[in-house]
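The structures come next, written out as structure tokens.
Shared chain: chain A. Partners: chain B in the first complex, chain C in the second.
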Partner chain A sequence: MAQAAAVAAQSLAPGKARAARTVLDQVVLPGEELLLPEQDAEGLGGAGERPLLLNPGARSRVRVVCGPGLRRCGDRLLVTKCGRLRHKEPGGGGGVYWVDSQQKRYVPVKGDHVIGIVTAKSGDIFKVDVGGSEPASLSYLAFEGATKRNRPNVQVGDLIYGQFVVANKDMEPEMVCIDSCGRANGMGVIGQDGLLFKVTLGLIRKLLAPDCEILQEVGKLYPLEIVFGMNGRIWVKAKTIQQTLILANILEACEHMTADQRKQIFSRLAES
Partner chain B sequence: MKETPLSNCERRFLLRAIEERKRLDGRQTYDYRNIKITFGTDYGCCVVELGKTRVLGQVSCELVSPKLNRATEGILFFNLELSQMAAPAFEPGRQSDLLVKLNRLLERCLRNSKCIDTESLCVVAGEKVWQIRVDLHLLNHDGNIIDAASIAAIVALCHFRRPDVSVQGNEVTLYTPEERDPVPLSIHHMPVCVSFAFFQQGTFLLVDPSEREERVMDGLLVIAMNKHREICTIQSSGGIMLLNEQVLRCSKIAGVKVAEITELIQKALENDRKARKEGGKFGFAESIANQRITAFKMEKALVDTSDVEEKAEEIIAEAEPPPEVVSNPVLWTPGTAQIGEGIENSWGDLEDSEKEDEDEGGSDEAIVVGSVRADAGIEACSVGSQDAPIVLSDSEEEEMIILEPDTNPKKIRTQTVSAKQGKAPSKQPVKRRKKKRIAN
Partner chain C sequence: MAAERKTKLSKNLLRMKFMQRGLDSETKKQLEEEEKKIISEEHWYLDLPELKEKESFIIEEQSFLLCEDLLYGRMSFRGFNPEVEKLMVQMNAKNKAEEVEDETVELDVSDEEMARRYETLVGTIGKKFAKKRDRANYEEDENGDMKPIKVKKMFLKPQD
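Up next, the complex of A and B:
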């Protein structure tokens, strides 16, 4: 009886905690509390949304992953960033929830591919600026084919495309330029020409999304070389300075354009 | 936090682009970025945006004793601050070389050019003069701080109004803005800084360098000039050798740019003055809808309450006797009945629900009690208009007139009390009566 009353109270106070299902693709704000759907069939017969239980006991567990912008606090699920709530349903289980937020400050994440600038060479490691709170370290052995005798040719101020292998809170992040097989796989020092510019992290994610048309359209304009770093840096190189500048400005402007506006711009550029 | 380093490839690309006479943001060599000037609600507050560079200017004044060697001159004080908010590389609380250089340049541009008549700031010679303080805060750093700061300083000074003073004998009177309109400062001319960045030992030149262009430049030439093409200060830094025709060419360009900027400033000041005169929204206030929350608040009005009682009695005596109440009871809940039209009485409802809670021990009993109560309600109705308490509130005053025919149907008792006091006692007798009836 008391439990039923509690459930009723929850459903009566929608301002306090909303069910995650109902706010998908809607804006959530920091401090908001979300309720995850109870997937248990034996549950309260469709009584519906209950808070995420940390210890569901004998019931079958549903694995729900909280991505960036969400945080588990006790047995509550809190929003820590402002943005749109997203959800991805895998084959089984509760899926992944995260918040798509718009920000410029990068926080290193293990496995992210980023563009860094070498700021110092000290002993056997390089210090690389990736835009985080701390420079990352990069061992000179973490390049393809590098040995104690055969050092890579890296100068201070060079651009490095690499991957994080260590990225923990309160710890210096560590980068490498090889994959687990020891192959470069596209990583390493980026050439001396071309232009590096900074965009928001949201734009990078948008450009790297599998169904993004922007890149294909850009590719039709001029032949180009392009590198995206998850830390909001883009390196682009085309045949001439003029073309490189045009590409950089288009990519920057793409962030706030609709698909129709983009098509117009591209068709106009293709004519000229 | 450390500044983001400039990579070799950025440097090389920028220099090659400059050689090809191209700039990252698509500007031409002599183009300024967009300048936007906005004003605050108070006099002497402005924000100047130069592209993405933003400077906030605020002028304040104070009466102080003058310097000993300049007994009849007011004091001007400039202070530019580079906060960490503008760029993470700026350290708070430390006088960096850049900051010292910028502050010195500002002082030379504005104080030493004597653009403000300091003698007019004197109140009593040797005793009291005005000290005018100009505070500039960099809100965002995207290159060319000095141009934005000098524009912000002169705009804020032009916009500022100081309180009026009058001297009679030894007495100095300071007037508030309500008593006398504040007076503007007397400004002789408006010096504005224009920056030129030099690349490749002075081969290439750019006006209004952005942050990245500033990082790769070899030298910087700042010319402060007013619209009469008088050079107020000129400073070359970075250790480049310039030919005299280069400097002359720069001064010519500066003259054109200063004329444009001065016109823009005057237009902005004029617009703000108009907006203020019309009393519409101006300054930052334009973007704030502050009436939204207070829109439904009523103003308090004073009311004369000296002879309300007599007046009320007069009105009641003159008024027609209350019409017969329709004796068609509506039964809302068991025990609550409504007679006639009007707002539903809520207090009876509340009381009943309380009662019901108490009664919930035995359901059988509750039903019986309910039916009894309903009977009582109907009974009350059948007695008609005489029995039912009617509450009238018919004047703009908050007065309660309670007609209680119980005591005497002819006699009318009036009460003139404020609403809060009035409601409580008005309920009191009715409650008691109701309880009695339930007990019956």
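Up next, the complex of A and C:
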């Protein structure tokens, strides 16, 4: 908390832009301006502060990707969400910067896989609630093997696992249940039964991280199936209702647990 | 005579499709130019300096997928849904697919093995393409392998 307050005081000082490299994994606040490595020398100005460059002669500018939570404004890089600044080293170019933030409200993003609930059937499109500011539209032709004559069997209230093809601030988001090759690849209507619940968007990303121990542990317990939507929805199903409920409770609870606490719980579950 | 008649006809009439067959090239060009003039006068445009977009070195991307290499969102464990389990392996292996492929290529049939196999095939395939008369020349030996027997052709002197 003290750190956050100090950061806030520092960043609120007018006209003080910090170098992105120096605040990696630190808290950034909306409205702050960040300087990219190439801009350091120009931005900080002073000869004493100038970082030592390995080859000052060949300073070609590389492309930098700014991910969620950051926004480009002309040549400047502004923060739009509060959270920790992250960076990924690239294969080529300047790498990726993004803000790892906690939020519950989902904003549709092109390419995201989400779980939606069909709320209406109107003509040739379905309206799907994805938790965004407005329902997404889903064409009945955007299913694997669907033709004008052969409509997919989708009812109001069904759960849909799909992908956004159109998602921006000005237009209605549009979903599809096929990839670019026309195959379903697991998308489409999610089967019967099961339990749907909502968690924070941060937890979804935490669970889907490639080195996540929670899922590996969960997978050892008993036969089960999980679907994660980037919109904060999780659908789980196990053999019995009791097992399904246990699963949902674990996933919900593990967000704010330490690794030791998690280990304890899983060992206790394995015994019972 | 002809010149007199042309002056009598109105321009609008001359512009009609069926009239253009009889026109000579010069009047045709004139008509076309006039038509172009009318079109270009009707066109309007904004009187603005050309917009020059500055090349940016920052690319905006709003998806977490690119930032954190997230796994595929559908999962099944311990054989609950075999279809999804297969799909899960397939989708999550995409990132590492290139490395895996190289290994599988090497694990296939070795060159030596291939050569040994084709060695036995030479006779069989040869028989297939041989003419009927020559087919008798291919005899099977004890191993069942085909071997062409070469008969040297030479001149036979007829007996009187």
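Just so we're on the same page, the second predicted complex is superposed on the first by the 235 of 272 C-alpha atoms of A that agree within 3 Å, B and C clash if a C-alpha of one lies under 4 Å from a C-alpha of the other, contacts with A are read in each partner's own complex, and residues count from 1 in each chain.
Everything below uses one rule, namely that contacts are C-beta pairs under 8 Å (C-beta built on N, C-alpha and C of every residue); 3 or more make two chains touch, one makes a residue touch a chain.
Given the structure is predicted, the values throughout are model-derived calculations rather than measurements.
Considered on the superposed chain A, chain B and chain C are sterically compatible, since they fit side by side. Of the two partner chains placed around the shared chain by superposition, neither chain B nor chain C is touched by A:E144. In the superposition on chain A, A:E255 contacts neither chain B nor chain C.
With both complexes placed on chain A, chain A has more residues touched by C than by the other of chain B and chain C. In the superposition on chain A, contact of A:E33 is made with neither chain B nor chain C.
By the touch criterion defined above, A:E172 reaches neither chain B nor chain C.
By the touch criterion defined above, A:D158 reaches chain B but does not reach chain C.
Superposed on chain A, the gap between chain B and chain C at their nearest CA atoms measures out to 17 angstrom in whole units. On the chain A side of its complex with chain C, the touching residues are 36, 38, 61-68, 70-72, 75, 77, 86, 88, 94, 96, 98, 109-113, 161, 185-186, 205, 208-210, 212, 215, 218-220, 222-230, 237-239. Chain B meets chain A in the complex at residues 1-2, 4-13, 16-17, 20, 22, 24, 26.
Of all residues in chain C, only 54, 56-81, 84, 87, 91 touch chain A in the complex they form. Chain A meets chain B in the complex at residues 117, 119, 129, 131, 133, 135, 155, 157-159, 190-196, 235, 241-242, 244-245, 248-249.
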